[in-house]
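Shared between the two complexes below is subunit A, which has subunit B as its partner in the first and subunit C in the second.
Showing the complex of A and B:
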């Protein structure tokens, strides 16, 4: 069996087992209603996590995701409520701004050769700061479009609802998977994550790909911001704090190797669902406090990284580097 | 290597002087110091006092970054240490036990990070992410979800007291700075840490105990985080698992970067990192007293990081000194400091 499929398989098995265990305790969990809520409640996280998957596949990291989501919600709220723009036009403006922001960060990483970690950290400060400069207070959004979207859904048998934002997340995952596995850009991302020097020698346009990757990540974060604003019907500069960490956790739990080069968009989807499951379980239980979510997700993160280490230990890049030295 | 005589010529010192002068222009009483109730008061002292926790974090972070690592968990470790100390004193333990236990908890967290990085070969950013995510949950587990308040005089003295006229946090930060600087610069320790940061494999081959040093660096960062956590808890007379040290890891990393320590490892200066922390706090205070909304704080910080990044980048280095050979750094090494 293909070795790179193993972490994905492990994640899927663990999700199915965990879900079965949760259902055996609370049979109510096994309903399309709960599944529909999984999608709706985690839509913004899922969309952001698709972008993060591309970044991590290429061996990078994007810490600005949560801040971009927060900035986008504020920008949309201001455009809709103060400037009187139609929400769809506001979404378009927000996506363009987010894309430009990502392209700038990508260019800094590609041309200044500064660690992605620190560039996106600066981006995070900038986006959060800009959001709170625009409006430090939460702005409620009242618009017919928002009401219409929240009342539109696909009814599943059993009373479950696939909302617009839940469906959008699934669509983004499908498109993301196609982009990763069926296009030239996708191959370039994997090549870059595997080994940038050989990628460059093989003719992968490294700077262009790097810029595109961070543009994609920020654009998807912008889309996640639009979804978040539809979800909460408000724009607030401090919304979605720490989402970048949840997104990274989802990507890692989904079996993508943090050194880049290996991984699947589909795995990230399961990673997002697994986090949703942990949260839903804790809500169902009622006696467990919400801080257990953090501990369990931290524990899962650790377990999956350990699993990856065991599976890939033979080809661990740092080990190779050690012998080269 | 930073010689103590050369430190005054550093750009960081110029930056600090510029920020302080700006503050002075905005607020002419900025440099006024008064002596009251056996301690100094004034804006300058306030900058040092508020900057002390980040300075202490930055000391530990410098050691980690010098080994080409990064520790994202220091904020969460602060919360854990604060929770341990507060819960113990509320439970009737003497302060010395509480402080020792809190420091031990920090050390343990650091050791955990160190073992993950060294023996499981995880990238530092990921290994410490685990504790960053789970740590706050653990802290809440210790405090059982509430903010534990205490009235123990010793803990409060650590957070708000004064020694020789200086606030206790400043005294602790200065003592730690002095001790670590002497330790790394008067022994071969600093050189060995730099060797590990440049090339772990080569360092091991020349006989440097690279793994021990790596674990030591993370343990030290955890220990420093615990000290900062105790100070912050003493300052507010309570342990708030949700907010103690929140996002301070980013300030600490920023302080280290401003101090000129290379994120690629192999070059570090603890005094300059502390200076970086003071610059950040002087900026924060400046923005507050200038009447600008505090929201600008983050944007100003971002602007400064960008400026430093451009100055530190290999591109700029090439432009400044043509003798440097063109670096072909792999993105993996670039992106995972």
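Showing the complex of A and C:
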């Protein structure tokens, strides 16, 4: 077994154990309906988390994700309801705006050498502020396209449904995995996260890769915003507050190293499902405070950070041995 | 307005009729409750009253706090549907975006009752909604004041809620309706106190200064109790006696205003009841056990409390609810 696969394996085992434990208590959890809900209800989080995985793999952080989602929902609502655009055209505009926003942040990080934390924090305030300026109220979206999308789903035996947005999230994960593990861009991201200096020496175009990473993250956040607007059929400036933190949690629980250079897109998927499982369990229980979700996620995060420490300190002696030889 | 009156009466009547037949009731039923969060004392009280009502009726209540997020509410409702609950209560955080998930509930034949806020969705997606009538709350307060001052000339200062918020607009309108028939009662100053105690005190201080040390003010009408409590402080600071020199009437009926009544410093409050679940459970009982479809909009009672209504007892009853 490849050592580098251990965190992914650990996440998977924890998810399976947690799910089995939850099912033993509430058998109703093992239904296609719940599985379908996992995908539908976490679609926006999952899509944003794919972008976040790339950012963290490259050793960065993107705090603007939730705000970009909120901004996108408002922009789409305004374009559809006030300007009369077709939703698909509105999505296209929103994605372009989000991509440009991400590229700008990426350029600031790459060329001005400002920490990603600060740049994306500024981005977060900008996007959230802009959304509230456009409309502080929730704007309902009524359009045949939205109705059609919500009525389109794959009915599974047992009453579960794979919705358009749930399916879209799975597709984004598959494409994200291909991009990370099978392309030159993906290798550049890993190299950059491992060590930017040596990556540059190896001929990785560092500024260009950085810009592309943040463009990708914001574009996916924009897509998550489109999904969110399909999910709630509304644009609201305060929607998706704190989703960036949930996405970071999903990435880390999924086994990606916060310092970069190491991790898997598939792990993030399980990280997202694990968060969904905790929330669903608490709803099924019905007597626990919903804030237990945060406590459990916090505990899992802490555990994974410890786990990563252990794995990497365990690999340190072998490196020393190599030098001696 | 007469329609509202009728609806309120019918709703109240339905509640009375049902509560007498509660014996077979909802005992053993599973009801999911998606609450917005615990952003205000009233909200916390609503949660604890709902839990207490459920326990009294033997209902297995599944409670989900959405932490002010619609996505959490949608997730919770989907979770309830997957679990196959008998009914769902929702206090919606925003008005939009409920159609899809409520359609799913409808397809699963699970009745949904909205609590204290409305939504923008076709009415066939929910069984009924239980809410207060904010205009009526203001009207009850205004009518009380007209009755209390009799023929005496009365100049009123008004502490408004947050500008543009629906309770502020409706409670202002209702109060104006309530005093419309009395030529001797008039509003001379009106300003926002943002629903907060500190702003209520500050604005009242301004009113007193502007009206010659408060001599020209006969009563203060506050859109909520918190601002009234602030105003009482300002009146005392100005060397006047709240409740006697300046009458204090407000809305909400939180414990602190009853404490003020006990001290003789507040004169009347109109209750925004935290018991939205009571009428909701009654409607569900009638529907699930008898197939009776309730009114689409159940209006809760806007009850007036004065020092004659055992303020100490009301205070004791409420203080443990989480206000």
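Criterion: the second predicted complex is superposed on the first by the 313 of 325 C-alpha atoms of A that agree within 3 Å, B and C clash if a C-alpha of one lies under 4 Å from a C-alpha of the other, contacts with A are read in each partner's own complex, and residues count from 1 in each chain.
Heads up, the rule we're going with is that a residue touches a chain if its C-beta (ideal position, glycine included) is under 8 Å from a C-beta of that chain, and two chains touch if they have at least 3 such contacts.
Please read these numbers as outputs of a predicted model, since none were measured by experiment.
Per the definitions stated earlier, placing subunit B and subunit C onto a shared subunit A by superposition produces no clash, and the two fit side by side. Contacts of A:133 after superposition: subunit B is touched, whereas subunit C is not reached.
Contact with subunit B, but none with subunit C, is seen for A:118 once the two complexes are overlaid on the shared chain. Using the contact criterion defined above for the overlaid structures, shared-chain residue A:195 touches subunit B, although it does not reach subunit C.
Using the contact criterion defined above for the overlaid structures, shared-chain residue A:236 touches subunit C, although it does not reach subunit B.
By the touch criterion defined above, A:282 reaches subunit C but does not reach subunit B.
By the touch criterion stated above, A:182 is placed in contact with neither subunit B nor subunit C.
By the touch criterion stated above, A:291 is placed in contact with subunit B and with subunit C alike. One of subunit B and subunit C touches more residues of subunit A, and that partner is B. Between subunit B and subunit C, the smallest C-alpha to C-alpha distance in the superposed model amounts to 5 Å.
Shared contact residues of subunit A with subunit B and subunit C: 289, 291.
Only residues 32, 60-67, 69-72, 74-76, 78-84, 94-97, 99-100, 103, 108, 120 of subunit C touch subunit A when the two sit together in their complex. Residues 70, 116, 120-123, 125-127, 129-138, 140-141, 145, 199-202, 204-205, 241, 250, 253-254, 257, 263-264, 293, 295-303, 305-306, 309-310, 312-316, 327-332, 334-337 of subunit B are the ones touching subunit A in the complex. Looking at the complex, you find that subunit A touches subunit B at residues 58-61, 108-109, 111-119, 121-126, 128-130, 132-133, 136, 192-193, 195-197, 206, 210, 237, 245, 248-249, 252, 258-260, 289, 291-295, 297-299, 301-302, 305-306, 309, 313, 316-319, 321-325.
Interface residues of subunit A facing subunit C in the complex, by the touch rule stated above, are 26, 28-29, 31, 33-34, 37, 40-41, 44, 138-141, 150, 159, 228, 231-234, 236, 239-241, 276, 279-280, 282-287, 289-291.
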